[in-house]
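Shared between the two complexes below is subunit A, which pairs with subunit B and subunit C, respectively.
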Partner chain A sequence: MAVKLGFYFDQTLCTGCKACQIACKDKHDLPLGVNWRRVAEYGGGTWQITGDTFAPNIFANYMTMACNHCDDAVCADVCPTTAMHQREDGVVAVDDDLCVGCRYCEWACPYSAPQYNAETGRMSKCDLCTDFRGEGLDPACVAACPSRALDWGPIDELREKYGDVAAIAPLPDPSVTQPNLVITPHRSAEPVGAATGAINNPREV
Partner chain B sequence: MTAISDHPTSTDASPGGISRRSFLKWSAVAGGGVALASGTRQLGLLPGAGLSASAAEEGEDLETLWSACVVNCGSCCPLRMQVADGRVVRVLPDDTGDDDLGSQQIRACVRGLNYRQRMYTPDRLKTPMKRVGKRGGGEWEEISWEQAYDEIAEAVQRIIDEYGNEAIYLNYGTGTIRGTIAKSWPPAITPIARLMNTVGGYLNHYADYSTAQIQGAVAYHYGGWIGANSLDDAKSAKLQVMFGNNPLETRMSGGGELWVSQRTREQSKVRTIVIDPRYSETALGVADEWVPLRPGTDAALVAGMAHVMVSEGLHDQEFLDSHCQGFDEDHMPEDIPAGNSYVAYLMGEGPDGVEKTPQWAASITGVPADTIVRLAREIATTKPTYINQGWGPQRHANGENQARAIFTLVAMTGNIGIRGGSTGEREGSYGLPMANPYASENPVETSIPVFAWTDAVEKGPEMTATNAGIQGAEKLEVPIKMIWNYAGNALTNQHGDINRTIELLEDDSKCEMIVVIDTRMTVSARYADILLPDAMNAEQLDLVAQGSAGNMGYAILGNQVVEPPYDCKTVYEMCSEIAKRLGTEEAFTEGRTQEEWVRHILDASREDIPDLPSFEELKEMGVWRDPNPPEVGYVPLQDFREDPEEHPLPTPSGKIEIFSTQLWEMAETWELPEGDRITALPEHLDTWEGPAEARERDDYPLQCIGHHYKQRTHSTYGNLPWLEEAHPQIVWMNPVDAEERGIANDDTVEVFNERGRIRLPARVTVRIAPGVVSVPQGAWFTPDEQGVDVGGSVNTLTSWRQSPIHKGNAQHTTLVQITRA
Partner chain C sequence: MFTDLSMTIFSIFAQMSVGAFIVLGVVQVLARTRGGRSAEEIDRLTDPATYAVGVTLVLGLAASIFHLGTPMNAINVLRHVDSSWLSREIAFGLGFAGLGFAFAAMQYFKWGSAQLRQVLAGLTALVGVGLVASMAMIYASLDAVPAWNTWVTPVQFAVTTLLLGSLAVGAAFMGTVMWRRRQMEQAGEEPATDERDLATITASLKGIALASIVLLGAAFVIIPLHLNELSQGGAAAVASAEVFSGAMFALRLALVFLGAGLLGFFVYRFASRTEVNPQPLAVVATVAFGLVFVGEFIGRSMFYESMTRIGM
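Right, the complex of A and B next:
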């Protein structure tokens, strides 16, 4: 594989607005329930109440998540029809002609990247906006982020530019699938495993 | 002392029945999406049905045209709309500009990007309709445009003849405000005002639902609206303090104040403190410290900090002496008894005899006294400090005093009129001086407070200058008999106490005629007598003025991207046709088409802005930025700071009136409801349904506020599937309060008081202070058969009761109870 592509996410800038999610839905015309990008709100902590006064010791941050086009793409590994496959550029994609909608890939992916589209009866997922990139444009989510919190590119370049952190709660340990993802953590981010917080908007992800 | 463990845990990992590997954190909680997928709704013509994808797949040529999102968030974003076969198939953000302050790319927020769904929603109004049966009963008869125009013109003429022009009211509405021709706010420059001005005018209102109390505050404190330094000027400050200001959520544009705040903070690293009952996105994103307090107690917090400053001599006595009236006993107007200065108030030497110690403030605000002392010292000794306030602190029963207290903190620390300082108002911004020859003059001078229109319907002639804040006349002569409601939802949903408001509207012997002009069947549209289907801004040509964007000035030419669908028409055409029937078409149109007006206004603007492109150039480029932005957007009162004698303020003393002479007089002469007070000083006031009352009441012990939500701009963009999926309507509550009531995250709950009841999911979150709940404002009121609002509108819970000075909407002063549904 020549060049592997991935996403960069600056968590310090994310407001949880989901412009990325809606830009993706508008670009790809996705029905309700199919969200190639989703945003989780993660947080925790406690309040101290003393008489009439209170003081917070709390934290919160956001995690936007699409497909990480993993080196170890478990979705492709488990696909019984080879519909889910990794292309030359590392982009993991679905071959509509081969997909039977069995949803194994969805079950296997720890990021919920492959999503079942009930209208087509097939799996669907982020392809890093292949058509946009072909026209020299950024993927829709990257171009839309009001905070400029998203970037994409060859993962080597992203890691050189932004570092190699990806092990941030509530994500799974990167060792599981080797995601092509780089994160600049929010000041309150917790590492994978040491997490004391929880996802606060479970119905939205 | 109790330490409460908080965060709720998400349990039901796979409600859709899809089993997942549970050892992975993300997938353990990510079942919701699948659950939704299996329950996908039929969308018909909505986006999501494959239109965009099919257009792209067939390689069809897509035409890309510039339009804009023109709603009332304070921002304004250009949009690139891709069109195929006369339909918008995709909405793209701005891709011009750069990432420098002053020339930034103006990326639309989550709502603007969902514009397409708002265009093609099934609840678009399609044809003129007339009410059948009871007002609000939901039965309609489709009528022709000719009949609609005739009946409206007849009603206008009849009501003018019977009651006079003062009986016709233009209700507050901000659904389309950045355009120039299709513009619903400010009321005086709307096409409806222009129409009514050709036949003798209409009843005015003053202030607005966003800023009623702070407008009352600035009038007496500074002599008028000034604005604060723009947010990009925070880079000149050593410390930024934001009282209830939340630009990262309320002005979400990626070229507006969200981006300006983030970029400024990124570049300057200015230490930032956010004071807010909620851990807002601004607190999460740009703050070093979050100070939660009870809603309606900012003035008490300021007094507590001011007490520290005076006690320790940390305040700027020199500035106060030269620029302010009423800080201490040596700087009071004549004939005012001793003990009425702010220092006297702080030190317990005033009429109430209570010293405003940090401990006093702590018990009111909830902020620990040692925190108040530390904040006071930091704010007083860090120079310069940029203090601003959002519009939440003022949207209270004591809102004018809240706002004035924050202004006073800025004066005490000497930060007014300097780079990196402020007036303590909300951020100002640079704006292009666009001309508006389309505006016309209202011959009627009488004006009511914006929030008092329901009173004016109910008991107009009882309202006077001193009992109801009537301006331009001693009293109201007639009640409101006709309402024009153009692109607004304050007829019901955005007003207080929706159930009471509906009851008032249902009696059509009071207000006899309601004309609603809108694009969708909103909650307010349900109460029309005649309902006119409007074209959206992307369906007509208009010149679009900029939003608040730090030091950047810009203009957009919004194309007619597609034709108006169904039988929709532009508001300009509607008003022209009604004017024709009233015999004033020439006065209304001046012989111009909408495009001719746009060209005329652009040409007129080019006189003051020579660089502004021509019509043809702007049409092609979409958005134009002033190539020479000021280094900072706005630093008000520099001249006053330098020489207060030479550049006095328009107050009676010419100074900043910490003690307001006018308010002192009004406190004597105005008739107020039992318990309400006007004070010459920015004192903390305990009010009806305030935080003190909350702690005394067993029935409604929770303070309810209504934050601005990402799903909607007020109520605009409500009721759209993609946005409801992304940002569902929820009520925020603290785990302490949830635990007491046996409520877990995502449980369905009912929030209620004597005025109404709503049902919605709970967001149990550490991000809100104990004792406080927040129902994001703007959700569409949707009563079920029992009258429970399952849409979850906060105004089902709020009241009509007004603030004492400017008679403003006190919608954050509301007490409620919550139970599991």
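Right, the complex of A and C next:
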């Protein structure tokens, strides 16, 4: 198998500006409601009790998510038409000639990567900017991030450079789909399974 | 509410078709072995119901098309049978429809021997079970959706299949009886129903009433177990459980309870009498079916609404 591609996200650098989301939307001309990349605002908190004093102890961090071109791509497994498929380089993409617009992949993916496009009646999603990469450019989201929080490349190289953490809330347990994703967690990040916070902008993601 | 209307219609109608087909088979077997009726005599009773199953199934399959964004590509859904439960569902659905229509046509024209038709009916029922099973797996196999990813999904689908199937057959039998009596009336004759036919119907309805009460009991055990399971899951599981509350949920439970339980009880009482006029029984059987149908319909649409995924 050829090299597998993935994303890297440095959560400590992200300011939640959503430039990646907008750059993606612009690059692919996505209609209202279709967002291949989305940024979640994750936060929570407790009360810190000192004597008779209750002080709020809160936290917040950001999580940007497109598609992780997973090793165990459930979206492709469940797709009845084989429209959702994994290419040689691991990139998971939709074949418009085959897709019937049943939206089953949308139910299956715990990252909300497949985004239904009502205008075309088909599923759509991140293809890691195949055309840009062909021209030697970075994917639009990676290039747009003013904090340099995003990177992409062969997943082996990313893991060598940045480690292999991906189990960060509000993401699902990586065992579900084996995502090709590496995260440098924020200091307030909560591991999957010990999450106490919630997504504070659910309608945006 | 009713966000996935086409899926709700499709799944309810398809499951009701399979259930009714199975129940008709059971009636056939029991009427012959225990009731001592001949194949022709029972056919006269069950054939109209068999044709009704076909109509229901076609309606359901037609509704499923409206779920698709690009129906023109519909033929592609059979391409991934080796991996996708959705492909398998459609394959079983088409198989059930195809075999069912072959069976109905053979019944109508009395083609082939009675044994051959029985074998075909048995095969059709088996494929129907495959259809309901693959429907359940579509949802139960999704790790991302805790409300569906549980043993509850197949069990609940099975209960719906048999409950709606039984009550639909009961209503169809009584509809057939009443329709024939009206035809006699219109022809200026005294409406009458063959006594032995009435005995068979009465026996079937008793069985159906009993089955409904058992299935009702099962449904009312499954629901709290499901809610309990969800309450112990993660945030998505807890959030999805919220769907199963409020006035609509109460209405759904009340309708199924009234339909299957109370009316099942009346059917049993009525059917135990040897009435000359089958009209009250017809009303009771029809109302019971109607109530449970609406209750299950609301229940299924809540099932779709409970689709809350883990992750983001």
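Note that in this section the second predicted complex is superposed on the first by the 194 of 205 C-alpha atoms of A that agree within 3 Å, B and C clash if a C-alpha of one lies under 4 Å from a C-alpha of the other, contacts with A are read in each partner's own complex, and residues count from 1 in each chain.
Quick note on the criterion: a residue touches a chain if its C-beta (ideal position, glycine included) is under 8 Å from a C-beta of that chain, and two chains touch if they have at least 3 such contacts.
Computed from a prediction, not measured in an experiment: that's the story for all the values here.
Chemist: Taking the superposition as given, does A:165 touch the first partner, subunit B, the second, subunit C, both, or neither?
Modeler: It touches nothing on subunit B or subunit C.
Chemist: Among the partners subunit B and subunit C, which is in contact with a greater number of residues of subunit A?
Modeler: It is B that touches the greater number of subunit A residues.
Chemist: Considering only the touch criterion stated at the top, classify A:121 as touching first (subunit B), second (subunit C), both, or neither.
Modeler: Only subunit C is touched by A:121; subunit B is not.
Chemist: Using the touch definition from the top, say if A:43 reaches subunit B (first), subunit C (second), both or neither.
Modeler: first
Chemist: I'd like to know which partner A:104 touches here: subunit B for first, subunit C for second, both or neither.
Modeler: Second partner only, subunit C.
Chemist: Output check: A:17 vs subunit B and subunit C. Expected answer is one of first, second, both, neither. What do you get?
Modeler: first
Chemist: On the A-aligned overlay, A:198 touches which partner chain: subunit B = first, subunit C = second, or both, or neither?
Modeler: Both partners.
Chemist: One more residue to check, A:78. First (subunit B), second (subunit C), both or neither?
Modeler: second
Chemist: Which partner does A:25 reach: the first (subunit B), the second (subunit C), both, or neither?
Modeler: A:25 contacts subunit B only, not subunit C.
Chemist: Please indicate which partner A:148 is in contact with in the superposed arrangement: first for subunit B, second for subunit C, both, or neither.
Modeler: After superposition on chain A, A:148 lies in contact with subunit B alone.
Chemist: Shared contact residues on subunit A for subunit B and subunit C?
Modeler: Common to the two interfaces on subunit A: residues 38, 40, 65, 103, 107-112, 116, 118, 170-172, 176, 195, 198-199, 205.
Chemist: For the complex, give me every residue of subunit A touching subunit B.
Modeler: Against subunit B, the touching part of subunit A is residues 12-19, 21-23, 25-35, 38, 40, 43-56, 58, 60-61, 65, 103, 106-112, 115-119, 131, 140, 143-148, 169-172, 176, 192, 195, 197-205.
Chemist: Please output the residues of subunit A touching subunit C within their complex, sorted ascending.
Modeler: 38, 40, 63, 65, 74, 77-83, 97-104, 107-112, 116, 118, 120-123, 170-173, 176, 195, 198-199, 205
Chemist: Can you list the residues on subunit C that touch subunit A in the complex?
Modeler: For this pair, the touching residues of subunit C are 67-71, 73-74, 76-80, 83-87, 90, 138, 141-145, 234-235, 307, 309-312.
Chemist: Any idea which subunit B residues touch subunit A in the complex?
Modeler: Listed in rising order, the residues of subunit B that touch subunit A are 1-10, 18-21, 24-27, 29-41, 43, 47-53, 56, 90-93, 95, 99, 107-110, 113-114, 116, 248-249, 252-255, 258-259, 262, 279, 281, 284-285, 290, 292, 362-369, 371, 710, 721-723, 725-728, 734-736, 745-746, 761, 763, 765-767, 769-770.
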